[in-house]
Amino acid sequence: MAKSVLAALAARFPGDVYEPYEGVGGDDCVFVRKSQIAEVCHFLKADPALAFNLAPYITAVDYLGLEPRFEVVYNLLSTVHRHRVRLRVKVPESDPELPSVTGVWRGADWFERYCFDMYGLRFKGHPDLRRLLMYDEFVGYPLRKDYPLRGRQPLVPEREVNDIYRGPGPAGRD
Amino acid sequence: MASELDKRDGTPAGAGAPLAPSPAQGYAGALDAPLHGKQMVVNLGPSHPAMHGVTRAVVTLDGETIVDMKLDIGFLHRGFEKSCENLTWGQAFPYTDRLNYVSSIMNNVGFALAVEKLLKLETPLRSQYLRVLTSELHRICDHLTLVSAMGLELGAMTVFLYGIEARDLIWDRLTEICGARLTSNYVRVGGVSRDAPEGWGGKVFETLDRVTELRETIDALLTRNRIFMDRTRGTGVISREDALDFGFTGPCLRASGEPHDLRKAAPYLVYDRLEFDVPVGRNGDNFDRYLMRMEEMRQSDRIVRQCLAQMEPGEIVVEDFRYVLPPKPLVYGTIEGVMAHFKLIMEGIKVPPGEAYSYTEAANGELGFYLVSDGGGRPYKIGLRSPGWPVLSAIPFMTKGALLADLVPTYDSINMIGGEVEQ
Amino acid sequence: MASELEVAGGIATRREEALGFFQKLVSGGLGWARKNSLWQYPFVTACCGMEYMSVTSARYDIARFGAEVPRFSPRQADLLMVVGTINCKQAPILKRIYEQMSEPKWVIAFGVCASSGGFYDNYATVQGIDHVIPVDVYIPGCPPRPEQVLDGLMLLQRKIQDQRHKLIDRLPPVKATAGGSSRG
Amino acid sequence: MTPLQTYFPLAVAFIVAGGLAALLVGLATLLGPRRPSRVKSAPFECGSDPIGSARERFGVKFYLIALLFIVFDVEAVFVYPWAVLLRDLGWSGYLAMAMFAFTLVVGLAYVWKKGALEMESD
């Protein structure tokens, strides 16, 4: 039953859906070109045979060092046919802009704001793209690989505490 | 003169309906001219008991009704992903405890299943039973906490005391098996860390009887209580399509009528050997979500009893030292034990490069882990799909036009846990 | 008032001795009254909140120590119980609530995250609330067992008893300073 | 029992109540330390910056509801002593009270029909 999803996608979007493969543990995954993600998602939700009606889990990954540095991953589920699909969208660092899917599912709103807040990926067409978790005075995108682990930007002037010796903390990523 | 008066103290610009053409020509009209009040903006800040201390709701009120609400979250963002990217796979377990800290073993199980999916590792049968057993005990704790908090915030103090007493009893049993009351850190990659002490099953049966007694008392106190029904029935309503569109999963989705439960849709561990049924609501309001929790507690009770009955003695962890710490006598006795121990502690489990998305049915819904591994001993990325996240994003939609007082039971019934929503 | 522990010392004249005696009497009386009616402001954020629920419930009852009444307004609270992790976005909130609490006030850091940031040593978490407000008692544990919390409370009560409480304790009202951001 | 003595327990009650209240509030204000500061005098809005002012104009329906409450509450106050002395007053007292109650019922009917009791309409 999973093969039908990838087959339908490949038939409907020949150029933009490429490299379908079987992920670990039998999930079917496919890469989607950045510009077509909104149409693909709309098709996946509207088509009765696929009916991916649940808002997807959207997250981003920062592959520092690879050419298209960022990758946005959409994990979709259909509660009607109980099958899942994973769309992966490559986003280059030079132009971190991709169309938003809040038009298709309202639930995708906060996931996209999280990707913007943590990785700096902008979503065109998002109704209210602001920082979700970090405070507005925060500079930079914390979950990027080049952001330091302990890069604190305190809002309140720190009181000097001299009676406690704070060690170097857990070993960093050696 | 009257129309002049009407114009001057008519509605200030930008709020309420635009000023109707002044009907105050005749004397009678002046009495019926609409006098709109100015909308008051109230700041239900982070440190507020109804907001569980971690969310800030800027609410625009017209009298008592909520006209618009903006949620500002992130007051408990503790950098779960960034911290876990600098730890080995085994060290990430205590962090997953603190995600949904009311049912911490479920996060452990979700994370362990995700890593085992990447490793293509099969865990022994007894450890699967222990995982399901302790997860269901923690599911009862989660629902008990929700019911007592909901009762407390609607004024029922006794329900809170009964609920916390029942939860403490379950925590005692969990302390005997995992060593900690709340943050269990019980599951390991490839199995569980400790076996059940002997005689534990009997004590769990006694505790379950006492918890059932307390739960039925709470049920008697709340379910047919006039005030509780008036406050929760018909408030915070969300239809089935909207729930799916917002990404609801778990009890909140089933309360709106969608019978989707991952333990039945995609059974994992030993859920396919246990029979239990899944309650489904009808009209998706707070009262239905409360009933879902009460009914699910009864089902979890059944599951725990079946697990204890079906469980036979056996291995509790997979015998492969590439993934599991060897037992102490082997570490002190043999050179392979020392090497395996050293490699696991210093560099962590070598997970083959790749990415996987694994999903389990946690207390609030589908808990998904999207793991990316670059072959090293530390995770490259841990993406967490917390069940409470999309449900919280729907609160402004659910409470639009409701009274401010209805915001409290709605906020409670979705069981927003700061740790998992703000990672 | 919070943590200035003034201990009277040095050579005292007879008159000071007499005054000292009354001082001690009043201080002891006030200390006894204040320590046995600590109304707490539960600044609850994270997992320690679950343990806080157990501490205030029937089994590990905190009411035995007079600290049962949670007051959710800083004006009516004596004890600020910071329960759970405080991250950088929450720090100004905590600082403002501490400053809005009326004297006499004390602060308990409930749990390791409030005491030293716990194992969240990253960009988001304040490494201990003593970077933000003065703290009287730190309770370790993640989350601390209810017995640890009661022990911390008793430690605070001993501290209050030994503290110097003045009978009439006034400071000149602040002059209306012009401007100044409210986030000060 | 001279009239003065009959009221003596009432006086004791008032004195004890007043004294206790004065004692509690007085001790608290006397012994409580004062450390006024600008932030402390700012309104408490759960720790965030206060938005807007509390003195906003709100819907007129709240004023109507408050007014109606006072009218019918005062009526209730009159009913209590009457209920106590029902037997002694006999029919004339009953008729007087009925007249009083009837006028208020007419008022209630007018208000009900006028729609001032619905909270929903703006």
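Note that the chains are named A, B, C and D in the order they appear, and that numbering of residues resets to 1 at the start of each chain.
The working rule: contacts are C-beta pairs under 8 Å (C-beta built on N, C-alpha and C of every residue); 3 or more make two chains touch, one makes a residue touch a chain.
Remember, predicted model here, so these are calculated numbers, not experimental data.
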(Q) If you average the CA coordinates per chain, which chain's centre is most distant from that of chain A? (A) D
Q) What is the distance in Å between the mean C-alpha positions of chain A and chain D? A) 58
Q. Taking each chain's centre as the mean position of its Cα atoms, how many Å separate chain B from chain D?
A. 44
Q. How many Å are there between the centre of chain C and the centre of chain D, using C-alpha atoms for each centre?
A. 38
Q) Roughly how many whole angstrom separate the Cα centroids of chain B and chain C? A) 31
Q) For chain C, what residues touch not just one other chain but two or more? A) 89, 92-94, 97, 119, 121-124
Q. Going by the touch rule set out above, which residues of chain A reach two or more other chains?
A. 133-135, 142, 147, 149, 170
Q. Of all residues in chain D, which are in touch with two or more distinct other chains?
A. 46-50
Q: Counting only chain pairs that touch, give me the topology of the graph as line, ring, star, complete or other.
A: other
**Q.** Contacting chain pairs - touch in the sense defined above
**A.** A-B, A-C, B-C, B-D, C-D
Q) In the complex of these two chains, what residues of chain D are touching chain B? A) 45-52, 56-62, 119, 122
Q) Taking the complex as given, what residues does chain A use to touch chain B? A) 23-25, 27, 53-57, 59, 61-62, 73, 75, 77, 79, 82, 84, 86, 105-111, 118, 131-135, 142-143, 147, 149, 170-173
Q. Chain B touches which residues of chain C in the complex?
A. 43-47, 49-51, 53-54, 57-59, 72, 84-85, 87, 89-90, 93-94, 97, 119-125, 142-143, 145
(Q) Please output the residues of chain B touching chain A within their complex, sorted ascending. (A) 73-74, 77, 79, 81-83, 85-87, 117-118, 120, 241, 244-249, 258, 260, 265-266, 354-358, 366, 368, 370, 372, 378, 380-381, 383, 385, 389-390, 392-394, 397, 422-423
Q | Touching residues on chain B, where the partner in the complex is chain D | A | 16, 34-48, 51, 56, 58, 62-64
